[in-house]
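The following pair of complexes shares a single chain, chain A, combined with chain B in the former and chain C in the latter.
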Partner chain A sequence: MSRALVWVLALLVTLVAWPGAMTAQEAEPEAATPALQEVEAPAEQADDRSALTDPAEAELDALAAEVASGLRCPVCRNQSIVESNADLSREMHAVVRDRLAAGETPAEIEAYFVSRYGEWILLRPQARGINLLVYGLPLVVLVLGFFVARNRLRKWASAGDDGVAADRPADLGPEDEQWLRDALRES
Partner chain B sequence: MKKTQLRWLLPLAALPVLWLLYWGMGRDTYVLPSPMAGLQAPAFELITFEGDTVQLADLEGKVVILNFWASWCIPCRQEHPVLVQTERTWDDSEVVLLGVVYQDSRANAERFLAQYGGDWTHVLDPSQRTAIDYGVYGVPETFFVGTDGTISLKKVGPVTWDLVQYQVDSLLAAPRAAASAAGTGGAP
Partner chain C sequence: MLNLIGSTSIAAALLGALVVTVTGIVGGFTRKPGLIRAARYGSYFVFAAMSTAFISMEIALLSHDFSVSYVAQVGSRETPTYYTAISLWSSLEGSILFWGWILSAYGALVAFVNRKSDSRLIPFAHGVMGFVGLFFYGLLTGPANPFGTVFPVPANGPGPNPLLQNHPLMGLHPPMLYFGYVGLTVPFAFAIGALLSGKVDDEWIRVTRRWTVAAWAFLSVGIVGGAWWSYEVLGWGGYWAWDPVENASFLPWLTATAFLHSVMVQERRGMLKLWNLSLIIGTFLLTLFGTFLTRSGILDSVHAFTEGVIGPLFLAFIALLMLVSLVLIAWRSDRLHSPGSLDAVVSRESMFILNNLLFVAFTFTVLLGTTFPLIVEAVNGNRVSVGPPYFNMVSIPIGVLLLFLMGVGPALPWRRTTPEKMKRTFLVPAVVGLAAGLFGFVLGTRSFWPLVTFTFAGFVTATIVEEFRKGISARRRIAGVSAPVALGQILTRNNRRYGGYIVHAGIVVIIVALALSGTYRFEREVTLRRGELMQLGDYGIMFDELWAEEQEQRFVVGSTFSIFHKGDDAGTMRPRMNYYPNSQQPIATPAVRSTLKEDLYLTLMAFDEAEGSHATVRAIVNPAVPWLWIGGMIVALGAILAVMPQRSSGRPAVSAAEIAEEEESAGLVDEPAAVTV
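For the complex of A and B:
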């Protein structure tokens, strides 16, 4: 096997491992939210201004849903307050919307919830301090895995036709060796 | 790289796992960490069953025990006698016990109180805004607020008499020690 093929194979193995490493890195709540946003948004309307008629309201609803999708529902298991139907989640979603309407930025709203519930409330951990491990470790493992895969494949490529590395004799036990000798003699 | 060179890495890899076990088993899992302790209690303005308005600002200078509860909450029944005793032990001029009804109707709350007793003030929190402002997960949750308006403790789950006594005594003692030596409240 050529050297180029080894590299290509190692790269392939790495790529196959990549999505797994990515999902381990951050629990992305976004995938499930867009469809739910549309369901949630009209119900959020407190007055007669409708998201269907007022583009500014629709924009506010969308932004509220986006911010809320990053906040953990306190009474659920790993669900955002957008996905959750709990009363508390609905009300927290409303708080997010009210604060946005009052001119607060998404970062300020997140900071508000962190000050009340702790950093636990954020579904996406902030990338600082010990949290960096969550972001960095998958990458480190990925790079390490790449080199392990490359070395393995290299060894495999340098092996002879019988699948045994050329620089090492086959390590058979005494019984197997006897069996092999007998078989060869018979044929 | 030689295998023998890497062999010493193996026990090293076990260290983080051991540390995690040490940390995880060493902590009290019944204590939920709260960032609220030590902070100024968020202001609120809530309506009592009788229609009066209660503001946190009105209670300044007193120790405030803010108890989030609901009639449907079983642990609230469990802690209720402790709250009744709290109400009996300290005078309103020193310690104010305030019940915040969480995700419950006034009628249900009143029925609960008629059955189990307790005539301290209760307020309604219709859209749970105050609960969210206090970072409440569920009921019962109790906040101990000092005379300076600082939260000294957030207790998740039913309070015990020992806890209430210790908290209130230390909150009453702390600022009063400077003001006046006599007349500090205490449990009988």
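For the complex of A and C:
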């Protein structure tokens, strides 16, 4: 049974690591923001084209795309604003970039869009209220299912120890088996 | 004329399906040969009738007969012939017609293949397929009638949905999915047949095994093909958007995959009878649910065709089937109780059960996420979105666990094992896995999930290679043949098992590609003037010019970019925008420069309409994407191998040869030499 215990532990570790990874993902962009504040100046001058080859600018664009990929295009079907070529999406994408350049965090930018469009604009529901269900229920199903499966397996295993299990599938009798050995030898 | 032929054929198919349903089920209970024969010939008749309807519609489409309502809806004289032919599935009525035709073809094929079988299941299976047919042919006679008469006859039509006439693959991806979806009707019909007949042993599973694997393979190819299409054609830069309709194809795939694994436990050990029946019934209901999502327009989706009466009808049919299944299961519950027994908790059996747990939890999660906006709106009227950020977050842990099981399960023997054997089996794969993880770390991966993925992928790959090695060496010892011949022999003699391993290998490739492209993809959107260069990773992207082209069915605005890779000239790329008369938004066609390492992906987002002096381009570096398609092909190859007829001369299909060789290679039959690597 000790191996079953290992399984439980392995699953639990995963489950613990799961929410951990969630928050880690959220934290990353925020940590990157202070560095970006230092490069905000060039972005404001429309005619300075050096931004095109500046790695810091590329980084800002990449972060903008990441934030924008979490925002829903209000006029499309199930597209984020980074994917859509609708005018509104493209404007919103520009707003995201400008606000990042001005030093706002991704969380602040999301809050801004939520205040304008409602929670619907976020492609990942905020983890509060009824939305907790969409995060919690899968875990509940997984954990409950695991314990049900574990109990079943243990029950079956103790049944098997009593020698209840047939040694072979029913359709493989002694003649079959002899035939099988012969056939294998022949080939 | 075609209206009349089409409508009459569909009415005939409906009538035929009614006959098949009644004769099949009554014949199943009474065992009257006349009734059983009637059900068989009825299935042929339905197929003939639906084929007539199908051909009539193709003729109507290709001859631009706009008096036929469906042609008036999706046809146009400007659409190229190829896209006209495949516009059968570009809208609601046509796709239901196509669905119904495939269903009738499966019905006839089941009848033909089993024409000499005296199994008690067969007439019931005909009856159930006829019953499912009643619903679809019924839709075609009323709410989704493609053969309505249009008067006065229009001179031209709007043409199919632009998204669906943008790429030749549209001729392949939807049919694959439909063959997969509809193919799952066959195991469902036999499962219900097993319940009706009371013959709930594993016969229905053995009879339908190859049907299920084939349907699963179609579904897999359809899904990967859809990913490819959305990547190469839709131009939004990704291959999987967790769009409700993508999820609708993924859900039955997940449960069908669970089913393909759990039936092995029943075949071996006679356990999980009720579970397997429920899984396949659930799978079939999920295919209907997917169609409901697609066709009802209840959820926003690029695929949703229409709103109307179809949605409620689908829902009612799903509810009816669910009810009937539950009643049948309750009725047969005394026979479904299978006393489970295991020799040990650590065995292949229990790995299959864990596998099923994860697949079902995965299915539940995707289903919950897909329908969650509806649930929230029903509860408190709020609107929320559940999109890719959510689904990626929840599916990564489950996917990684499944990956791990894929290495453990097949390498564990049935029944029981010993610690020494475990060590012998898993030592090398574990080392390979850790090496793979370390390799990822050395190359600069610092994120948790990708590192775990690489480790497990290395582990699984090593176990697969080891299984092949053991199989080959056992074969060489028994038959005294050379290694390549031995490989050929294990592939043909034990195609189910080794086909399965090849499928696993393909899945590993896909998962690693997903991890790489998900983690290391980066992008940038920039407005460039002519001659300006932007930098993205190793790539320099220079805007050269805009151009335009008038084509028969559309107007194309294109752009040309010069590409430099690490400073070297790497040719040009030409992303475009297509303007269709029946679409307000232009449809983008991306330009993709693929290498085995990574793709450079350009989409034209906007351009200067007056002078063509600047263009806005979205550029993405997307690592490892080609490996998704390669992995998909490996999966398809493995599945094809697994459905090949077994080459074991008429003996009990699954058990004999397979068990012997498995035990040989697992070292259960006295293996002379210890495993050396």
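Here is the rule we use: the second predicted complex is superposed on the first by the 95 of 187 C-alpha atoms of A that agree within 3 Å, B and C clash if a C-alpha of one lies under 4 Å from a C-alpha of the other, contacts with A are read in each partner's own complex, and residues count from 1 in each chain.
Methods note: a residue touches a chain if its C-beta (ideal position, glycine included) is under 8 Å from a C-beta of that chain, and two chains touch if they have at least 3 such contacts.
Computed from a predicted model, the values in this text were never measured in an experiment.
Peer 1: Once the structures are superposed on A, label A:L137 by its partner contacts, choosing first (chain B), second (chain C), both or neither.
Peer 2: Only chain C; A:L137 stays clear of chain B.
Peer 1: Just chain B (first), just chain C (second), both, or neither: which does A:G118 touch?
Peer 2: A:G118 sits against chain B and chain C alike.
Peer 1: In the superposed model, does chain B or chain C contact more residues of chain A?
Peer 2: C
Peer 1: Which of the two partners, first being chain B and second being chain C, lies in contact with A:P74: first, second, both, or neither?
Peer 2: first
Peer 1: On the A-aligned overlay, A:M92 touches which partner chain: chain B = first, chain C = second, or both, or neither?
Peer 2: first
Peer 1: Regarding the shared-chain residue A:R152, is it in contact with chain B (first), chain C (second), both, or neither?
Peer 2: second
Peer 1: Across the two complexes, find the residues of chain A that touch chain B and also touch chain C.
Peer 2: On chain A, the overlap between the chain B and chain C contacts is residues 118, 120.
Peer 1: Any idea which chain C residues touch chain A in the complex?
Peer 2: 236-238, 241, 243-244, 267-271, 300-302, 304, 339-346, 350, 353-354, 357-358, 360-361, 364-365, 368-369, 372, 375-376, 379-380, 382-390, 393-394, 396-398, 400-401, 415, 448-449, 478-479, 489, 522-526, 528-529, 532-536, 577, 585-586, 588, 603, 605-606, 616, 618, 651-652, 655-657, 659-661, 664
Peer 1: Chain A touches which residues of chain B in the complex?
Peer 2: Per the stated touch rule, the residues are 33-36, 39, 42, 103, 127-129, 131-138.
Peer 1: If you look only at chain A, which of its residues touch chain B in the complex?
Peer 2: Touching chain B: residues 74-75, 87-88, 91-92, 94-95, 114-118, 120 of chain A.
Peer 1: If you look only at chain A, which of its residues touch chain C in the complex?
Peer 2: Answer in residue numbers: 1, 3-4, 7, 11, 14-15, 17-18, 21-22, 24-25, 49, 52-55, 58, 61-62, 65, 69-70, 72, 77-80, 82-86, 90, 93, 118-125, 130-131, 133-135, 137-138, 141-142, 145-146, 149, 152-157, 159-162, 164-166, 168-172, 176, 179-181, 183-185, 187.
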